[in-house]
Each structure stands twice: as structure tokens, then as C-alpha cells.
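I've put the structures underneath this note.
You will see two complexes here that share chain A, one where it goes with chain B and one where it goes with chain C.
Right, the complex of A and B next:
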């Protein structure tokens, strides 16, 4: 099969959209990693629960997709804060592995409660399907533009929050050096509440976007966890800009590899890239070098 | 904390130890009056639209067998686990069923990946495995003849697809397969049958599970301008495939297996997208009295008619076949002796029976029986496979309408 420029552009578009979708949970992962300092395996299930909340809002009365999104964000922030107060707060100061294991438990718990009440059937958001715009073979889906637009807007808002607001500055301070931050009088309790609410909202949007593009099922988020982890590592652990870059890079690389290696191996290509990054630049693209003491 | 050991601690530890020693004996005690069986239905994962119904159907049949006084003098005791439509999870669950619960038969593995992963364990334990999977390799890997398949093989599905495509005059077929033994089996079965008829497949793609988008894969296939796309797919990925295909605006016909193209798919993608799609499924033995009995039990357990879940009819037949074989093998028979009786009670030559009570009565009179299943006539070939008929369903105004029944 010959590859034309049009094909490559189409692949680039597909890869970027895939990447932007993964970027949202990756941001949630990397924020928790940077500030609360453990890999949160429940990230995916926060996405799932929020997507179901969105479906629930839509089922209640044919509500608009916007209302469904707001419902999902409220649910995501709520579940994230509740599990922080209930589980993760008690584990602060222990080894990260304690929180990691607890987060796996939280993930199972969340999913099981969900399937207990909502069942195992798949759901879809009812959005009108529109034909793609065709620019001489380059196909652009309006849904994709919408998904990408929302993802980019959310990232912009997140960076504004981190860099332009006092609470964001405090988050970054704690990420930099928790002891110094405390010595400066930053009350970490409040900051962590804000962090978990933000993380929940990010997961919710990720879950919604994925649900709009694909289908909502109980395994939605759990299956996205590994690509999100990979993207976080490529981008540099704890770096929000790295999370976005890593996710988009992995998305594009795997799609572009399809004409060369076929669709079955495109996921493997993403992980080869991950290995290369770890070999050549172990801290990730935007990660800080941390010397072991 | 004090490190002194008090008498109370010693007592407590001693009691705990005694309890731990006694526990396995309680748990593993094999009551002579029961025969332990396990289920591994796909309650979650891609098989979840069917799993719960399959499970309920097994429970109903086990209750019927026990109400009739058991089989071969023994009652069936059921242990249930969720196969999750995932090989790794199913292997853990199968280990638990075999090693902890000591079951002697496992029912209801659905996806081929799961069946293939569980088979080595059941084979090693020398117990019976009954599944609804389609992968052709299951036949050849079943070296001890302990594996019984109640669904048509994917190879037979592929043959049915080719018959349908030819009948409807398509010339440029392409295949898209979910990357597992079943999806690829469907596509390869079709390709084999199609090229035998002298045709050519213009494109074939194997895609990965759990992706947000299959645009790239579709792009590859649609570039070859096929007039029909034949899939080996499941419900979630078919939903995504159809929505993305519709958005590209390129006309093409789809032929999908019934486990993917079902009413849930219609609901998920909408009438406009799916109109005209052809769904192919093995059809239950709908005119048989056994189907009626199954359907009534299914309706009672789930509130839906039995025709909504072909796999539940298969799991119903699994328990039935095992129970009849136990009855034929007589009291205290070993698993091997029971297994050897399965063909005897299900294959031709013998009085046709449709319920357990009927079969039990005739077997008691030392007569030969031939159980006609709810899922198919249920005549096992030398691989332990069956050949059901296939229904051709066309989606018209949001309804799956049966337009044809074909035999291969």
C-alpha cells in the first residue's frame, strides 16, 4: 500500500486526538504524583464513575451534553475529594506504596459499586452523528474538533490555575519542596483539597470525552491507565506540560507507525518509544533531574 | 509495645492454629451425595450483555436437576465465578474453582481467549470444560476430549458469512478482526471459504481492543473501496467502528456476528447508521420442546424471553448434557466415565428427549436417548463441536428481522 501525504495528515490528526484524550487522565496522574506523591491507580475509575454520572444526567431528562458534562465534573470532584478525606489523608507521611495499594483498592471499590447499581451494559452519549468534513481526502470530524477543543480549553484553565492563582502557586510550592512549603506557612490541607477536586474534575472531563468518542463501560478508565502512565513517564513525572506532550507524542507515534507495522503493533510502538525515552533521558522530556541522596 | 507472651496469647495462637488445621478439611470434604460444578460466565467485560443470563440459565437448570432428585444419585452443587471476558482473570478464577472448590466440571466460558486459557487447567485436573467459544484451535487443542463446544466454530461462522456475501452478490469483500482467536478465526474462516469460491479479499485488518478510535484502521480498509466489510468483532468496538464509518460518509455494507450486532448495538449507534446491516448468528433450536422449557425458565429468571440470549440456551444445554451423562454413567461414576457418556445421550440413535425428567426416566428403563438441545440439535462431532444453523438478520427500522436461515 502506498502512503500519500493525505494519509499521513489523517494519521497525524487521529494521533493528536487520541493523545489529547489520554492527556486529561495523564494530567490527573501527574498532579497527584507531583503533589501527593504517589501513583494514583484509581484515576481511571474516577473517569468511569464520572462518565456514568454524565450518562445518568442525560438519562434523567434528555439534558444537553453540557449539563451532562457539568454533572460529570461535580461527580468526579466529589468522589475524588471523598476518597482523599476517607483514605488517602490517613496515609499521608507513609511510604508511597501504601497509598498506591490503597488506590488500587479504591479503584476496585469504585468500579464494583458502580456495576452493582448501573450494571455491566455499555452506554453511549446521545449526540448527533455528523459526516466528516472532507478537504481533498483529509477528513476532519466535527466531534473530534469538539473533543480536542474541550481538552485544550481544560488544559489552558489548568495552567492558569497553577500559574496565575494563589492556590496554584501553593500547589507548586508543595510539589517543589513540601517541608519548605510548610515552613513558609502554607496550609497543605486546604491545598490538597483543591488538588483532589481539580484531579477529580480532570478525570471527569477525560471520562466524558472518551465516552462521547467511544462507549461508556465499567472498564473504560481502568483500560486507559497504562497508556496514561506511559505518557506521564515520557513527559516527565510531575510535569503538567510534560503530561500533555507525552500523551500527544505517544498518540501520534503509534498512529504514524500503522502503515509500517500494521495496527496490531501500534501500541507496542508507543512502548518502544517509552523505552527509548527512559534510556536516553530517564527523567522524561520535561522532568526535573532528582539526585538520590 | 511489650514483647512478653502471655498465656492468653498462647491460647489464642493455639486455637487459631487448630482452627486453621481443621478448616481445609471442612472446606474440602467431598460429600458423596453431591457433584461439584463451577461456572465462569462473562459477567463483566465484552461478554457482559450475555453473562448474567447465562449464569441464571445454569442456576435454573441445576435447580431443575436437583428437584428431579439429582443425576446418577448425586445432587449438583454450584460454585460461581466471573470470567470477566479476560483470560488472566478467568485463569485465577478457574484455579480457585478447581483447587479450592474441587469442581469436576466448568461451564460457560464465552470468549475464545478465556476458553483457551482455562483449558490447560481443566485438562490437567482431568475435569470437563463446556464453552460457547468459536476459535477453531479449541478443537485441536482438546487432546483428552474433555472440552465440549456448544457454539459454532468461528470457521463455520466464516463459512456462513461467505455464503451470505455470495448470495447477495458482493464482489469486493474486506475483513476487520478484533485481535483475539475468535475475531481472527471469523475473518480467516471467511477468507478461506471466499477464496475457495474463487473470490479475492481486498483488504484485511486486525485491530486492538479498548481503543477510543478505529479511524486509522477504517481508513486502511476503506482505501481499498470494498463493497462489503465482514467483521470478527464485539459490541463495544463495533459501536465505535460503525459510528466512525458513518461519519466518513463512504457507503459500504457490513456483515457482523450476532454477538456484536444485537439490539444493544442498534440502540448504541442509532437507526440511521445501522440500517441494512446484516447480523449473522447461530439460531437456537426454536421449535424444540427443550427450547420452550428453557425459554420459560429464562423468562422467569430474567424477565426477558429466551430468544434474547442464544448463549443462555447453550449453558442450559451444558448442565443438561452433563446431568444426563451422569445419569447414564450411574451412581459413583468418575469424571472420565461421565465424560464418555456425553455423546451417547446427545447424539442420534435413541429416543429424542427434551427435558431432564424425560431423559432420566428412559435411562432408568435402560433405553438409549438423544437429547435435542435448546441451542441446537446438539450432535457432537469427533472434536466435541456442534453445527447449528445460522440466521441471517437484517436491521430494518431499528429491528433485527430474520430474513433467511442457512445451513452449511
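Right, the complex of A and C next:
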């Protein structure tokens, strides 16, 4: 099989779309890492649970994808806030590893409840079927453009939240220097509630978009966790811009690798990219210079 | 009944080896290894493939152990320069990559079909009966050797040093020691023990397939360590025995509760593992038997 320029363009387009979608959970990871200071391994399973909530809403209330999305966001924010209030709030004073181990527990618990009550079947969102546009061999699926557009819009909203609203400024203050933030009278309890609700909504939108693009299965989120971790480290931990850049870079890299190593090795490509960044530029593309301990 | 208990005992002792390895890494040195199953898998497949190509068991076991340790070297070197959470993310990713490689490289591992017909230990004594008792005996000896090694290490100046890394790495560095080198060494030692456990597993079960090496296995080992109490030598013994009681018990529970399918039971098991990780981290970080410091 020879690879033509058209093929490469197709791969680049697909990779960018994948990357924009991975950017959503990556942003959720990097926000938690920056503000609550631990890698949240439950991120992927928040996505899965929300996507199932979306499927559930669609099964109940007709075919409106918008309603399904709202249901998913509500579910994602709710589960994220509930586990914060129950687990992560109590672990705040402890070493990050405590929250990390607990987040694995949260991930397993969430997924097990899902498979126990919703089964292991795959589901799809019912959306109108449309044919791919074809520009001289360059194929674009309107659905892909739609999910990528939503992802971009969500990112814009998130950056607006972080930079234009008081609560966003407070989040950034805590990320920057928790002690100074407290000394300035920022009440971290409220900020963290807002953080976890935002994180849940991000995961929900990520889960929905992946569900629309492909299928919803119990492993949906867990399989995206490693790419999202990799994207976060590639982009630089704690940097939202870096998360988006890292995710798009990762999406393109894994898509370009498909003709060479086959589609099954996407996670492996993400992993190799992660190792390369650790080797060459441990703080990532946009990370602050963090001294190794 | 005796035969059943012996078989369960063998599996418990294999988990005990894994727990001892992890306890050395996390309990004593603070290294977060979320990829225990990767080194376990590498040991299992290495020894299985070597013996299928006509090797004797003993050299195959030795190579499995050494390979487990050697693979840990670059991973430890890359991620241990940075803060602890990097190792967690990298090892988790590594364990998924190892499983995908086992799935995909069918020329070597027969992929998802699995690798049947692996030589059993003490096959000349038949299957079951005395052969199993002999396997049990060898495993008891190996576990005692591992515990002995650990006790010796922990009490030696080396052991005080690695525990000091866990408690205050900067102080260790200030005393002119190189914590990174020590961490890589401990990481390799634990990974080697996991490789040895894998070899035992391969030559007891005699059939390997990639779905025996899910990330869940890693967290079984974590549960065993946490229940027993991290950084306690006896903890690994008690923890892995309790883990097996739980795993086997959940199998029997199905006989008493009618109408529960095996798939549902798997969900319940995952839920309990998740809950245990959450509850122990929240309420008994010192383990089941440890006293609160």
C-alpha cells in the first residue's frame, strides 16, 4: 500500500478531530492536577457514566441529542461532585498518592455499577446518518465536524470561565499558590465545588462526543485515560493550553501511525510519545519549569 | 477438598510474591507502581515461551525474573527523575501497552487465542496430588526467601536508606546519597519478584491469554498490600491470604445467591475492589491490623 498526499491529509484531519475530543478529558485531568493536585484516574469512567446517562435520556425522551447532552452533563457534574464530597475532600490534607489510589477505586466502583445495572452492551446515539463530503479524495464526515465544533466551543467556554469570571480567577489563584490564595481570603471549598462540577461537565461532553463519533461501551473512558494522561504530560501538567496542544499532537501522531503499525497500537503510540517527552522535555510543551524533587 | 485448598494456596502464594514485591516498592520506598501486572505478564510469557522452545524450567524461571527486572530499568530511570505521580501514570500505561503487544503479536504469543500446553511444574509427578503439594512447597520456600531478603534489606543500612527516601527524599540527598539510583534499584528488584511470580503462574495454570493480565490484577495486589498494611512485612502475608478468601468467596457466593450470572458477579467483584480502595484509603490507611500512628 502506497500512501499518497491525500491519505496523509485525511489522517491529519482525523487526527486533529480525535485530538480535539481527547482534549476534553485532558483538560479535566489537568485542572484537577493543577488545583486539587493529583492525577484523577476516575476521569475516564466519569466520561463513560455520563455517556450512558446520555443514552438513557435518549431512550426515555425521544431522539433529541441536545437533551441527551444536557442529561450527560448533569450526570457527569453530579457524579464528580458527589465523589469529591465523599472521597477527595476528606483526602485533601494527605499525600497525593492517597487521592490517586482512591481515584482508581472510584473508577472501578463507577464502572462496576454501570455494568451491573446497564449491562455490557454497546450503545449508539441515534443521529441522522449523513454521507461524507468528498473533496477530491479528502473525505470529511459532517458528524466529525459537528463533534469537533462542539469540543472547540466547550474549550472556548472553559477558557472564558477561567479567565473572565471571578470563580475562574480564584481557581487559577489556588492553582498558582494555595497558601497565598487562602491568605487573600479565597474560600477554597466553594472553588473546589465549582472545579469538580466543571470537571464532571468536561468529562461528560468528552464522553458524549466520543459516543456520537463511535459507540458507547463500558470501556469507553478507561481506554481514553492513558491517552489523556499522555496528552497532559506532553502539553505540560497544569496548563490548559498545553492540554489542548498535547491532545491534538497526540491525536495526529496516533492517526499518522496507523498505516505503519495498525490501529491497535494507538495507546502504545501515546505511551511512546509520553516517554519521549519525559526523556527530552519533562515539563512538557507549555509546563512551568518544575524542579525534579 | 484438600486438592482444592492446595490449588487455592498456590494462587495465594503467587499473589503473596507479587505483594511482597509491591510492598518493597511502595510500602518501604514510596514508589507508586500501577503496572504490577505488566511485570507479572512479562515473567509469565517469557518462561512459558522459553520452555515451549525446549528450555528447562529452572533457567526459564531465572530469565523470567531477570527480564522482569531489566524491563523496569528504563521505565524507572525515565519516570523516577520526576515526582512520584509520574511513575504511577507511566507504569499504568506500560501495563496496557504490554497487554496490547501480547494481543497483537500473534507470531510470538498466539494473541487472544492464548498460549496452551505450557509445561507444568513437577509434571513427572502427574497432575494434581503430590505435584501440587510440591509446587506449594517450592512457593513457600520462595516466599520465605523473599520475606527473608526483604527483612534483611529493611534492617540493613540499605533498608534504612530506602525508607528514608519514602519519608524525606531531600534529606537523603542532602546526606550525599543518590535517591534516584536507589529508587531504580528497588523498582527493578520488585519487578523481578513480579516476573518470578509470573513464571510460577504460567507453569501452574499452563495456559496464558492476554485477558488474564488486566489492570485489575494490579489492583488486587494493591488491595492485598493495603489490607495487610503498607510497609509491614507480615502485611503481605495476611493481605494476600485475605484477598484469596475474597476472590474465592465471591465465586462460592454465586452458589448461594441464585440468579446471579458470572458477568454480574464480575461487576460485583469490581465494585468491592473499588470500594475497598476507597474505604481503606479514607478510613484505615494503616491497613487492617496496623495501629494508627
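Just so it is clear, the second predicted complex is superposed on the first by the 277 of 293 C-alpha atoms of A that agree within 3 Å, B and C clash if a C-alpha of one lies under 4 Å from a C-alpha of the other, contacts with A are read in each partner's own complex, and residues count from 1 in each chain.
Throughout what follows, contacts are C-beta pairs under 8 Å (C-beta built on N, C-alpha and C of every residue); 3 or more make two chains touch, one makes a residue touch a chain.
Bear in mind that the values here come from a model prediction, so they are computed numbers and not experimental data.
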Fill in: Clash-or-fit label for the pair chain B, chain C on chain A
clash
Discussion item. With both complexes superposed on chain A, which partner does A:115 reach: first (chain B), second (chain C), both or neither?
Written reply: both
Worksheet item: What is the contact status of A:176 with respect to chain B (first) and chain C (second): first, second, both, or neither?
Response: neither
Worksheet item: Of the two partner chains, chain B (first) and chain C (second), which one does A:124 touch, if any: first, second, both, or neither?
Response: first
Discussion item. Contact-wise, after the overlay, does A:267 reach chain B, chain C, both or neither (first, second, both, neither)?
Written reply: both
Worksheet item: What is the contact status of A:90 with respect to chain B (first) and chain C (second): first, second, both, or neither?
Response: second
Discussion item. Tell me the contact category for A:21 with respect to chain B and chain C: first, second, both or neither.
Written reply: first
Worksheet item: Thinking of the overlay built on chain A, is A:215 touched by chain B (first), by chain C (second), by both, or by neither?
Response: first
Discussion item. According to the stated criteria, A:255 is in contact with first (chain B), second (chain C), both, or neither; which is it?
Written reply: first
Fill in: Where chain B runs into chain C (options 111-119, 273-281 or 363-371)
111-119
Worksheet item: Shared contact residues on chain A for chain B and chain C?
Response: 115, 120, 262, 264, 267
Item to complete: Mind listing the chain C positions that touch chain A in their complex?
Response: 30, 32, 34, 78-79, 81-86, 88-90, 92-94, 96-97, 100-101, 103-104, 169-170, 216, 219, 222, 226, 263-264, 266-271, 273-278, 281-282, 285
Practice prompt. Please give the residue numbers of chain A that touch chain C in the complex, ascending.
Written response: 38-39, 41, 87, 90-91, 94, 96-98, 100-102, 104-113, 115-116, 120, 225-226, 229-230, 233, 262, 264-265, 267-268, 270-271, 274-275, 278-279, 282, 290, 292-293
Worksheet entry | Complex contact set, residues of chain B against chain A | 43-45, 48-49, 51-52, 179, 205-208, 210-213, 215-217, 219-220, 223, 235-236, 239-240, 243-244, 246-249, 264, 268-270, 272-273
Worksheet item: Inside the complex, what are the residues of chain A that reach chain B?
Response: 1, 7, 10-11, 14, 17-18, 21, 115, 120-122, 124, 129-132, 134, 139, 141, 143, 210, 213-215, 217-219, 223-224, 255, 258-259, 262-264, 266-267
